[in-house]
């Protein structure tokens, strides 16, 4: 029996003081992270925390009178007010900084699930365990949608040891399959943070330096049952540049926060089911590498950045002649051909087993390009006086514009056009509200300039 | 009852059932009639639209081929899972004589092919899409609103007359005859017309299905009246391809079709300024015959708008709120709801055991009530899943089952057996046949079904003969 | 299943390409007017299938794009010839509107404009915007209840009729359109009449579950359209609509807009370059000098700027490979596999090339 380290020195603090402590930690962590040359997305987390500080429990919160924000118009209808609210919300989102943000795109993540007996608590419905599985599935699906080149591995903490549930894989189906069978994951025993982190660390040790390594832990217990000094593990993680983020379901533990803070990750305690999901899903967007190189002057090389050679394969159809694939040695009809050595592999992205070329399908890469080349925000048109002959219809969907302003007296401060016209600064075409939002949120390409 | 809406899903279509009422009628017609019908592009286009999606695609695949193609080539084109519905589609098409049955080669009926091609790319000189009237100097053509309100008024008059069992405004004699002929209403001992259980069921159908039901009855009637069916059908199809709000000339119509004008005017399908007018306008009822857009126009303020969107809110406590000021809708609801109070635009009521029993006694089934409530549910209700409260649905079904608590079956009671051994011997034989419905060994009697009687009687006779 | 469907058509109206396509030297010349008559028959058939089916036609012209027709477009009564008894009026109205707009757009083209790149991206994105409006927000101000009515949702798809080769400069916009199509569950079908294989459109069809059909007999184009592109997506699952035999997943590089099969990718922003560069032009990341040396040493072919499978005219003009000429690559010994076995389309047009540096 290994010596137990009970890291539950947290019990002394009440929930309020605990939250204020969180806040300070968050700030110091950001400072430290900057010093290390790694940006942290702490903003969102911060906001959640400060909200938590004002309203420690849901039942203490004052009733938000959401209907007070809605005003009726002269006819007593709230239709226009609602639509205005929606339109303004959309516009505000569009006015967010439009410059290209650099993000880590090739991510490697080990998702550590707590499978200890404490997960059978019913404080989150139906149980912490079932909720965690459900959210983990949604998390994985969404994560792969936003990080198409990433890979996820799964580790479970059960009975004092770390268990490998799923190998690192870039295929969402593989990852989801590993947690599809609930009875194989039935919670039991004590969790061991150290064992699980060591296991995760060893499975990421071979990865190249330019990819990010992350561990995300969902932790429901208030204890950890470790064979050695967990602080040594922490130091190793810092050395390997592994980010640890954690979502605790019970309460904060000092060691958990320290793991996250020192490695530059995020830590949060879920207040309720919805907050749990929010905390977990905050970890999905690729971490921004905001202006690190620029801050150090354009000359400074980013050690994490590298140029990689990649091949774009040809996909063979189901109707082609069956042949052996190099990855499994099975006879298959479909597959992808490595462009360099013409070996056939079953799935992409992968490394070619014959020539070692990294094979990705170009749509995988292209999915992130709209981060790089965002569409310029359109200018709301307040009046048609300056335009010689304005187009009567939206340039994109050919819907006629309204002739007169909807609310002639409404203030125009928040970038809403009273005419419902938004003009592209480059091609000078006018677009309707609907298309404006669609172009910036979904399409990422201006129909006028074709860029 | 295959209405247009619910028979569209491939799965729910029973084998060999075409997706539209009219197709079944067409299938019963002779090849000669159909070929004459297919000479008109408008008829081909309308029939094509009434077909199911798979049938339409098969027709389209074959339409532009000059020569027949091997059936096996065509069969390879559908995947294995739907082979059954594919063959079903082929048999429907062959019974319509659109695609002659053949195991070797597939080719469309040449008449149908030429006409449908003409319909799609234009050309030909059949004049089957209706001859537009020349511009009238005195009167401008009626606006779409005029046509809509006319159609609505006519149609609701018919339905309202049915609901009120003859106390509301009487529609014209032709309509009354049709209602009677179709069994939707029947005259009670020579007196006024009363709605039948068939009529009650009819009221709960969608307007589209109601329209087609009436028209089918009209077609049957036309057959009896020795009218030329091809003329009648092609006129209906011509109407369905006409443009709403345009005037057409009556001059090119055949005598049969001119005679039809009056009937169709009574149903609200066409509009004429005067009975003797040389021009007519199809209403929305006509132009939507082959589409699934709502045939009754969105006219008349709140009621019609609500009709398209749904107006019924049903709560788990069986209370029902109907946002309508339409007397017809209120009357239909009254068939199975106990109405409590009426406001200018709202009717409040409750579904009770009595009200449902009354409806069931009228021959309306629980499924019809539920489907009516579902199709007319208020948009607010659409957010619920399931749409109707399960308790109410189950209760309506239970009330229906209640009605069926007693089941009668004809049969024979066998008594007065001489001995227990005799009794058991016969009973065993009857049990082997599986015809025993009830038995009582204490009283030495049992009850057997009608079908089993000859055997049992023969058995007893043989036995007594043997003993004697 | 039998619900109304929306069809967006993106029609490539490049005068130059249509002129080339109509050259009698082609094995199967096709002229724009002949093709348009087929297309109109197809569009009529789409409307004929169901009265509620809707349609929007967008034209890609040199340097710009325009909406040519949509079912919601107001009809100008005066311009259309009077109704006659021999044609179904909606078809006639639609056909004449389309022909009129196409004629207007082509006449409006100046001499200089014909050389400009085709506005294909504009037409495609407009089709997407239109579908977005049809599905999510038809008449946004009038009815709030429309979202409650699932029956009102059209089953949207886009048919791209292309005669021009890929423009590599439009790689990113086309990919963005594809991803938004995926999001809106729009199927993109591609009908390639002329102009060689299109890598981007192949990917578009593949990623959205549509079909890419390279028409080798343009005189029979109507039958292709009817059999492959008429059934709405719901019906396609039931039948074996031909899909493309193989999909090229190549991308265009950011520096020279070449189409490359092996590229150099910035690990930070995933920009693609056709040759090793010291600084990423997109995110200004500097790459380690060691990497550059290593990559330069291991490049597959010596001459920079001529990527291995750049789309050469010879390749572009060859017809699609029949499925049975596809490689039998067991890939155990890559050296033994000649280059042209991998894509049968090259055929004899290019010399065989082996893996370790080709004959170039």
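As written, the chain order gives the labels A, B and C, with residue 1 at the start of each chain.
Simple rule for what comes next: a contact is a pair of C-beta atoms (placed from the backbone, for glycine too) under 8 Å apart; a residue touches a chain by one contact, two chains touch by 3 or more.
Computed from a predicted model, the values in this text were never measured in an experiment.
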Problem - Most central chain, Cα average position - result: C
Practice task
Determine which two chains are connected by the greatest number of contacting C-beta pairs.
Solution key: A-C
Practice task
Farthest from subunit B by Cα centre, which chain is it? Let me know.
Solution key: A
Fill in the blank from the handout: Cα centre of subunit A to Cα centre of subunit B, whole Å, reads 54
Practice task
Express in whole angstrom the distance between the two chain centres, defined as the mean CA positions of subunit B and subunit C.
Solution key: 45
Practice task
Express in whole angstrom the distance between the two chain centres, defined as the mean CA positions of subunit A and subunit C.
Solution key: 32
Practice task
Mark out which residues of subunit B touch at least two other chains, giving numbers and ranges.
Solution key: none
Problem - Interfacial residue positions of subunit A with respect to subunit C in the complex - result: 79, 83, 100, 102-106, 149, 210-211, 289, 293-294, 298-317, 319-321, 323-326, 336-344, 348, 354-355, 357, 361-363, 365-373, 394-399, 433-435, 438-439, 442-448, 450-451
Completion exercise
Residue set of subunit B touching subunit C in the complex reads 8-10, 19, 41-42, 45, 48-49, 52-54, 56-57, 60-61, 63-65, 76-79, 81-82, 85, 118-132, 241-243, 246, 252, 288, 290-293, 309, 379, 382-383
Handout entry: subunit C residues touching subunit B - in the complex, by the definition given at the top
Key = 1-2, 4, 37, 40-41, 44-45, 48-52, 82-92, 95, 145, 148-150, 222-223, 226-227, 230-232, 234-235, 237-240
Problem - Contacting residues of subunit C [partner subunit A, same complex] - result: 65, 67, 70, 73, 119, 121-122, 125-126, 128-130, 132-133, 136-137, 140-141, 144, 170-173, 175-180, 183-184, 203, 206-207, 243-251, 260-273, 276-277, 280, 282-288, 291-292, 295, 298, 300, 308-309, 323-324, 326-332, 334, 337, 341-343, 355
